[in-house]
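By letter and in written order, the chains are A, B, C and D; residue numbering begins at 1 in each of them.
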Amino acid sequence: MNWKSLLRHETFLALLLVVVLIVLSFQSDRFFTVSNLLNQGRLMTEIGLIAIAMTFVIATGGIDLSVGSILGLTAILTGVFWQNIGMPLPLAAIAAIAVGTLAGFANGAIITRFNVPPLIATLATLALYRGLAEGISQARSVRGYPDWFYVLGQGEVLGVPTQLWILAAAAIIASIILAYTRWGRTVYAIGSNEVASRFSGLSVEKTKLALYTASGFAAAVAGVIFVSRVSTTRSDMGTGIELDAITAVVLGGTSIFGGRGTIAGTMIGLCLIQALKNGLSLAGVKGDGTIMLIGAVLILAILASNLFERSGTR
Amino acid sequence: MSAVVDLPPTRPASGAQRPGFFRRLFADYGQELVVLAAVVALFIVVTMVNPRFISANNLTTIFSGNAYIAVAAIGMAMVIITGHIDVSVGALIGVLATISGTLAVAGYPIWIAWLAPVLVGMAVNACIGGLVAYARIPSIVVTLGALSIMRGGLISVTGGTWITNLPPSFLIAQKSVLGLPVPLVVMVVLTVLAALWMRYSAFGRSLYAIGGNAEAALATGIPVERRTVAVFVIHGAFAGLATILFATQLQVIQSTVPPNLELTVITAAVIGGVSILGGSGTVIGSTLATILFATIGSALIFVNVSAYWLRAVIGLLILATVLADMLRRRGRI
Amino acid sequence: MSKSFVGVKALKDVSFDVRPGEVHALLGENGAGKSTLIKMMSGLYSPDAGTITVDGKDMKFASTRDASAAGIATVYQELLLFPELTVAENVFLGNYPRRPGGWIDWAEVRARTRALLDQLDTFDLDVDAKVLTLSVAQRQRVEITKALSKNARILIMDEPTASLVESDVQRLMAVVRQLRERGVGIVYVSHRMPEIFALADRVTVLRDGGYVATRDIGEVDEAQLVSMMVGRPIDSLFPKADAKIGDTVLEVKNLNHGRHVQDISFSLRRGEILGVAGLVGSGRTELALTLFGMTPATSGEIVLEGRTVAITSPRQARDLGIAYVPEDRGQQGLVKQMAIRKNVSMASIERFSAGIFIKAGAEAQRALDAVKRLSVRCRNIAQPVGELSGGNQQKVVIAKWLETNPKVLILDEPTRGVDVGAKAEIHTIMGELVKQGVAILMISSELPEVLGMSDRVLVISGGRLTGEIDRADATPERVGMAMTAHQSGEAA
Amino acid sequence: QSAAWTGGDDLPTNPLACDATPATVAAKPYDGGSPTNAPDRKGKTLKVVDVPKLVGIGYFNATSKGIADAAKEIGTMDAKTDGPSKANIDDQITLIDNYITSGVDGILFAANDPVAIAPVLKKALAAGINVVGYDANSTPDARQWFVNQAEFNGIAKAMVDSMAKETGEDGAFAIVTSTFTTPNQARWIAEMAAYQAKCHPKMKWLETVEAQEDNILSFNQTNTLLNKYGDELKGVFGMTSVATPAAADAVTQANKCGKVAVVGLATPNAMKPYVAADCVKSVVLWNPVDLGYAAAHVLRAVADGTLAPGATSVKAGKLGDLSVINGSEILLGAPTVFTKDNINNFDF
């Protein structure tokens, strides 16, 4: 793995983010305010948590398309466990997260035990988990949670949205793991050459199993936060979130073929997308214009850093 | 060209090296056979529950109602075989349908309205292919971006208006030839042509080579970049053809595309046996897989599966197909 | 016909020419630039400076297709095959026999492939088998077949015999000689000296990307060539060290795995080098993989230092003190994009960790030591391993496993594609290791190596043990005889 | 039995009387919310954003046109429509949140989920923004007023009565809807079930299928229903403006016009060919242009203070006086039934 080129992409992206922030704050004086920025943090937490786990998964050369469905399943189960089964809410949330984690574990088991390519396996469970959410919910939503529950999704701690603390903690822990531990090294090794990793005595299967489980866990936690933020459960929650998360990860410089990528890159990519969504909206650009621009930024950013890298190494 | 060397072999050629016909069929078309078996099994079971399932009408619904997905999946299969992927095809079909319908309503000759989506599809995908091949951006990144651009652009431009008053002669998907619905005929003809082309043309084989080992393909003298652009362009043409079926099925064209159409198309290709890593698979598989999905969708209604659990059952069936394939592979090696 | 070439960087001002009907050997240490030169001649790389001339005409090869058109066919060092495609298709890819209308004539493709394979005496290869199911040696034959199919005027072979056993080498040499008689110019790269002397008309030696000399083969002897390559004389290629052979470390009883490991029993002692000889596909690698836990044994017993162990994963094997240097270093041995440092520590990362954290300093230090000890030629330890030449890559793989302090070291083709200098160095390292009490199981297709380095030789044929011969009794004849025993069991 | 409708939100149903007796509505006190510290906006130009469930479908194009018409007519209103490209709660919430930050004076919304949208609307109220809903409600306290296009039980009655008229009292029918979780559709279906059981007990409810907002899928699903039930199936309800034309197309292409009735909610433009071909007799829908128009007027009135809690009616431009029901809802009026005679007078 080439540290220099990695740094280059992230530096480039960070510069781009700074430029975007400056330009956007000239477009609207309400953009670069503490309250707005914190609020954006609230809105990007679910995608952020998923994207962090997704960074690991993609760095091993895998992918997890089922995260949106796991999020939906967890949301539904939180409601169902609490209202229909009558568990205390904290227990219900934990049980639901456990099921979501199990769903991730099932992905990992299918991928490692049966050698199914991750894209195919999670494409199948994308349908399966969403289907379970729909079946279990019977199209009913669960509402009327106690007020304390909303602290997670709508409240603040020390003036900062609660879930932003969670995201920040997750990001820091994850980046340390990926950059400085042997688990992180194993992730990169698997992503670069799985066969050689296995021949080197690394526990490839266990690592992958753990990562998909972690991805399920992250999606599950995001699901509970989501429920708390919007006060209700629906079986269609989180539809399409996998593409948003993958966009952030890829924009952040993680190679879709595995072997490279950093959490810092993912977080910068995530912030860039969120800043564009918010700032452009404040500047009067409609949602469809924003979507187009994000698409263009994604292509151009990767193009630019490709060019950078090539001119650098040759 | 004859062989250069003619050393006498030190021992006589051992005969009968080729395994039997069925073994080879199973080795070459294993996943396709699994999917086909699943379709046949579904037909048998559901027909026993409700014989109307194999009525001519229902067969038409199953085979031609989803033909446009099958046609799009042919191009997708080629792209995936070459080692790439396209997540923007759904948005592209939306854009192309709007263009086609607008032209038809504006009074242009019908053939222009039919040709336009094919040409525009090729042009758009030429750009995508160019970015993938020459700028070396991974295809998933390019198409993820293209997806956003086209989806946003479509709404920006159309503002969401539907296209109505389509001239009846434009609606080719509603017509039939020799008593068979046009979408069915188009799907079968395109699948067969594409399958032959992938198997018997040097171009088709080069796609397998590139997908299997791009570096080796380069060393073999295959112009990898140009072929990559070409396969995206062909995929664009198939997207255009799919669009024609899609846009002429009904008397109105919706400016939004079915949600997750790209995932449906990709799923069809990979369930049909196209290796997501590139280098193997056939377009027959992708068409069979589309038929499988359509059959499942129809079957679940026929056997009165609670609509709430429908998606779960579909997911389970997809998973079962995938696992069956893996077990088959294990058995073989 | 002449062909000259001047390049820079990995290759500095090298000139080289091939005449019709000659075998021109290209020699040099690992990283000397032989493969680079070849890749330019075959159109894969374009030279920074210099020209290529064919039949007096200046050529500009934009791609390998242009080179093919000019009559140049190449067998590359890294096998460039398509794993998902069949043997026949790999051979004729891009060059298919057509039927009227341009469609590929598959029957013809198969028939011609069969014919070509038969001429290489390769009867056990199914032309319809996918290449991914083949062993390395079988793939090598497919590569050679592919080059032969092109009917080229210039045939370039970059270490074609690296993974072939003696009898195959003989066969290949016969083919090469016949081609020479037909007026084909052949560029031949090999690290195996006997082949050079048996085959070559002229030799060109490269060193560190620079041109050293071109000689007629009659003018030089082996020692001269070696010192031209290495820049210093080498005493012995097989410096057999006198290690004290201790008690039994590993004992294998009636080991079975599939068709390729059948009922194998042997024992390995501390300080001993046990050579394993056999024909291609005889199951030597399979045996190693079974011992290493990659393909766990279906029955039989493995006793390690008196304890019966069931080895089910490479990780477990590693923890038990078994190391395996695989035969396919590009795929199995190395993570090419990763730095040397990270590759060296990969199998023993726990030793460079405090808790879960990697101690980067200690890791770098060990990597530096290893690079020095095995004299790996590299810019620095942060250089991606993929940029090193083959021999240096091999040293990194060995370094990686030495970091685990193994009790049993399995070396599968340890010097495949490794130059004489490095080969001697690797053999010296082996000697040092056995002195330290490591037990080595060495699989090699190079009979001189097996005979030169082993204390005992195991011979495997068709997945079964067909001989166990002491160093004193190990003659090429005896070993060769045992290698061809049980032929019936081998047919795939 | 697969027919039973078990979806929806478990709210009590309230079927209307079988004859034309209007329901007696118990007066309810105002139960909407109110903005805190709203500045005096009387007569000032309002910056308004309209956030429909999604953009890109005919129906919300029409509401958005109505809003634009009204804004032009009022003069002191700057209205713009911006919605998610998919009917997705999260995107909608994010959009509204952004507009709160950008400092609009008024928000018009059609909720993808009544509860999920509530927190962000409450945030808007807390920021002193006037909030008015239309088409799809939120919980009452999260907005000030809601313009109700037609009461759920009223739609249900119109739909079921039309179907009974076309298929006879003992006809069997099926329903094609978007998804079971879509709140409005779920309520309508629940009310239809209740009303049918009460007033047309002999009709047979065969099945309800989902077809997303996807017209080809709607078409395929309708075809499958036609194939499955054969001649038994006498009528199909389309619950969305996407499903209804697709269902009509399926019936047309199956040559079952006249044998299988299609009744449903749809915009007239999409239905003109089928109505002209006599394949569909009547299409039920309020006029969505009017709905948007009314919503814009209500917002203006709220900002001006002319519509305050306790009011019983509000002036809505050319629509005249609209009455207040259910505490904080404004009723647009009876749904329009489009037929061959009048459908060409509408363009949306």
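In this text, a contact is a pair of C-beta atoms (placed from the backbone, for glycine too) under 8 Å apart; a residue touches a chain by one contact, two chains touch by 3 or more.
Every value quoted in this text rests on a predicted model; they were computed, and no experiment measured them.
Q: Within the chain touch network, how many edges lie on the shortest path between subunit B and subunit C?
A: Minimum step count, subunit B to subunit C: 1.
Q: If you tally contacting C-beta pairs, which comes out ahead, A-B or A-D? Let me know.
A: A-B
Q: Round to the nearest whole Å and give the separation of the Cα centres of subunit A and subunit D.
A: 35
Q: Could you give the separation in Å between the centres of subunit A and subunit B, each centre being the mean of its C-alpha atoms?
A: Result: the chain centres lie 30 Å from each other.
Q: Distance between subunit C and subunit D based on Cα centroids, please, to the nearest Å.
A: The computed centroid separation for subunit C versus subunit D comes out at 73 Å.
Q: Taking the mean of the CA coordinates per chain, how far is subunit A from subunit C in Å?
A: Distance between chain centres: 44 Å.
Q: Please set out, as single numbers or ranges, the residues of subunit B touching at least two other chains.
A: Where subunit B meets two or more other chains at a single residue, that happens at 151-152, 155, 259, 275, 306, 308, 310.
Q: I need the residues of subunit A touching at least two other chains; which ones are they?
A: In subunit A, the residues touching two or more other chains are 134, 137-139, 239-240, 286-288, 291.
Q: Two or more other chains touching the same residue: where does that happen in subunit D?
A: Within subunit D, the residues that touch at least two other chains are 7, 55, 85-86, 180.
Q: Could you run through all the chain pairs that touch each other?
A: Touching chain pairs, listed by label, are A-B, A-C, A-D, B-C, B-D.
Q: Okay, in this complex, where on subunit B does subunit C touch?
A: These residues of subunit B touch subunit C: 1-7, 9-11, 13-14, 17-19, 24, 199-202, 205-206, 208-209, 211-213, 215-223, 275, 279-280, 333.
Q: Which residues of subunit D touch subunit B in the complex?
A: 2, 7, 55-58, 60-61, 85-86, 180, 207-210, 212-217, 219-221, 223-228, 230, 242, 245-246, 249, 253-254, 269-270, 272-274
Q: Which positions of subunit A touch subunit D when the two form their complex?
A: 28, 30-31, 36, 39, 43, 46, 134, 137-141, 143, 150, 154, 226, 229-232, 234-241, 277-278, 281-282, 284, 286-288, 291
Q: For a test of understanding, state which residues of subunit C touch subunit A in their complex under the given definition.
A: Residues in contact with subunit A: 294, 313-315, 317-319, 324, 326, 331-339, 342, 346-347, 349-350, 353, 356-358, 382, 384, 400, 404.
Q: Which residues of subunit B touch subunit D in their complex?
A: For this pair, the touching residues of subunit B are 50, 52-53, 55, 57-58, 60-61, 65-66, 68, 151-152, 154-155, 158-162, 164-165, 174, 246, 249-252, 254-256, 258-259, 294, 297-298, 301-302, 304, 306-308, 310.
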